[in-house]
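The following pair of complexes shares a single chain, chain A, combined with chain B in the former and chain C in the latter.
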Partner chain A sequence: MVKIMQKDEFLSQLRQAIKALSVDEQEEILADYDEHFRMGIADGRTETEIASALGDPRSLGKEYAAISLVNRAEESPSARGLGRAVIATVGLGLFNLFVVFLPFLILVLMLVLILIIGFSLTCAGPFLTGYAILTLAGLLPIELDTPPLAALFFGIGITSSGLLLMALDYWLTRICYRQGIRYLRWNIAVISGKETL
Partner chain B sequence: MNTGIRIPPLRQIIIWLAIISVVSFSIGGIITVLEGGSYKSGKNSTVTPVEIKSGEIKNAVVSLEIDSGSINLSPGTTDSLMSGNITGLHAQIGPDILYTSTEQVGHLSIKQESSLSFDPFIKEDQCDLSLRQDMPTSLSITMGSGDLRILPGRANLTDLLIDQGTGDLTLDLSRWKGTHLMGSIDEGVGSMIILLPKNASIAARVENGIGSRSIIGLDGEKGTYYHTVLERQTPVISLSVNQGIGDLTMKVVNES
Partner chain C sequence: MNAQFKKGVLEMCVLVLLGEKDRYGYELVQNISHRFEISEGSIYPLLRRLRDEGSVVTYLQESAEGPARKYYSLTAKGGITRDELVAEWQEFIIAVNGLLDGENHAEG
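Then we have the complex of A and B:
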């Protein structure tokens, strides 16, 4: 059921919903809606009619906040910025918990896991290489199951594989970030009805 | 300020790291293949003698657990529950041999873990063991990768559990002298030859995935086979065989 409200109440609720945005952005949005009301009244419509035609101010506010945070995350990329944009988008509807938050969480965990594996290999490789060199130099007794020369190359291989994984992880993160922003934008557009599935 | 150090593009870094990884592992692998055998033989292998005296026990429970290698089990003497040698390359690890006896039941556990680094080229530990013949014995063998040659002779096995990952299995029960035997044999990949005594009544449930199945001297079909001896107090063998990939031969033979 649509709540009957006047212009002041509508703008007050909208202001409350977009208070996370910068003052300039708030003023711009509020000025837009004020203009809507003025033009509507000039056309002979009541404030209540205009308010109900515009929709729920809290939902509109959430949508503006989400768009703004997504824009900010795109302009200055950071994990925190993307996280805030995701949370804001999730706030647009419970459905987004499953189509935005869960995939985001799984993706982050996957990237962190690859990073941990890559880091572990990068750390382990030099140990094996060093051990093989010391064994070859006769400073350590032979306790490796593979020839020390082979272990030396395996150590180099493990180190470079670890670095490779970390580089791939970085590359994947960048791709996922860009695609994630695009997905959030599309998701907001679908929810606001500007785009269809 | 220009430091003169130019970081190459990410794609170039990834390509170079991939090349270095592949080349390093390839060279390491080639060296292992070429030198692996001589390198291994150059290392001191360790021989661990096994001599478990039976004492006053009347029954035995024997468990062998080997990660990789081979087990040859043969008939033993009457005073030792188990004897023989375990030859391996892991002097620092060594087999864990634990023997306890409670209420005239001897519990023997021999466990040998393989080294941490995976070595697909050379089988690690070789167990040449003999099992006492006359004592009712429950035998359990777990093998990760490697061959099993189980020839217990006249050993009075009451329970037999074999769990083998990869490798060939030869199980010769043709001389088995017991009254009842419950057996369960699981093998992942490898051929399997099972010889069974003609003088025992046998019921076997066989499942093998990929590979031929040759059942000789037993009746039945579709995985259930039997061999019946119509005599009083006939010994009974009940077997459950599961094999993943490999050829299976199950044969009833006269005492060899």
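Then we have the complex of A and C:
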């Protein structure tokens, strides 16, 4: 894995790995490593020595990119932004497939499922209520086992629980988003990129 | 040394070194890599994160030898984080050393 590399190649590989970032961020990051090379050379080391001590520029670049995407997902929340941040974090290590991607997938499926159930209940209620009203008004023959009046209130109840479930899901999604961002940040800082140390 | 050990303590080391005085990146890297082996490049993402969190601030200062250097300075917030990390670390090593020395083993 250890490759002989000069300053130019190190910087160009790093630049390649962080090209998703804003130009300002890119320049700032590259300037840090440029300064490091200059100081190292003044210290009597060769470019190759400095580059190999710095580590793999692509891994470093991936870490910067992941942090930046997580920051962006926090500043302007969106499903797409979070998805990109998650994928970038997963890209930092195979282990993250299990501690980031899988839990993320399960959580998303769960939230979508709750939404679907809530939506279905909300839609089902009015049908039952409508049916009960038509029955009560004598427009439809009584075919329900339940008395029409009970069915009417039951329908209202179902709709209310559906709406409540959707509100709960919305609230849960917001909490999960916030905590998810915190977790990604912690993951990048503590777990990921171990290979680069 | 095991990489997992190092990632955790690197942040504490950087904050402690910056608590002594303002330093530039290369100086920080040299100070740490003289003591234990690290991948030198990993300090810079860490410094960037510490700056984003408000634990350190940076400024550019001309040097006698050439172009300006980027200096890192510990903030009050960074000082609090440092104290917490150092306290946790000391508690931790006392506990682990106690275990290694066989203290309190009988009590299990």
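In the analysis below, the second predicted complex is superposed on the first by the 189 of 197 C-alpha atoms of A that agree within 3 Å, B and C clash if a C-alpha of one lies under 4 Å from a C-alpha of the other, contacts with A are read in each partner's own complex, and residues count from 1 in each chain.
Methods note: contacts are C-beta pairs under 8 Å (C-beta built on N, C-alpha and C of every residue); 3 or more make two chains touch, one makes a residue touch a chain.
Note that this is a predicted model, so its numbers are computed, not measured.
Engineer: Contacts for A:54 in the overlay, against chain B (first) and chain C (second): which applies, first, second, both or neither?
Structural biologist: In the superposition, A:54 contacts chain C only.
Engineer: Looking at A:119 after the superposition, I want to know if it touches chain B, chain C, both of them or none. Which is it: first, second, both, neither?
Structural biologist: In the superposed model, A:119 contacts neither chain B nor chain C.
Engineer: Determine, under the contact definition given at the top, whether A:147 touches first (chain B), second (chain C), both, or neither.
Structural biologist: Once the two structures are laid over each other on A, A:147 reaches chain B alone.
Engineer: Which partner, once the models are overlaid, touches more of chain A's residues, chain C or chain B?
Structural biologist: C
Engineer: Would you check which partner chain A:177 touches, where first means chain B only, second means chain C only, and both and neither mean what they say?
Structural biologist: So A:177 meets neither chain B nor chain C here.
Engineer: In their complex, what parts of chain B are in touch with chain A?
Structural biologist: Chain B reaches chain A through residues 10-11, 13-14, 17-18, 20-21, 24-25, 27-29, 31-32, 35-36, 39, 43, 89, 92, 115, 117, 119.
Engineer: Can you name the residues of chain A that touch chain C in the complex?
Structural biologist: Touching chain C: residues 29, 31-33, 35-36, 38-40, 42-43, 50, 53-57, 60, 63-64, 67, 71, 189-190, 193-197 of chain A.
Engineer: Which residues of chain A touch chain B once you look at their complex with the stated criterion?
Structural biologist: Residues 142-147, 149-154, 156-157, 160-161, 163-164, 167-168, 170-171.
Engineer: What does chain C use to touch chain A in their complex?
Structural biologist: Result: residues 3-4, 6-8, 10-11, 24-26, 29-30, 33, 38-42, 44-49, 52, 65-67, 69-70 of chain C touch chain A.
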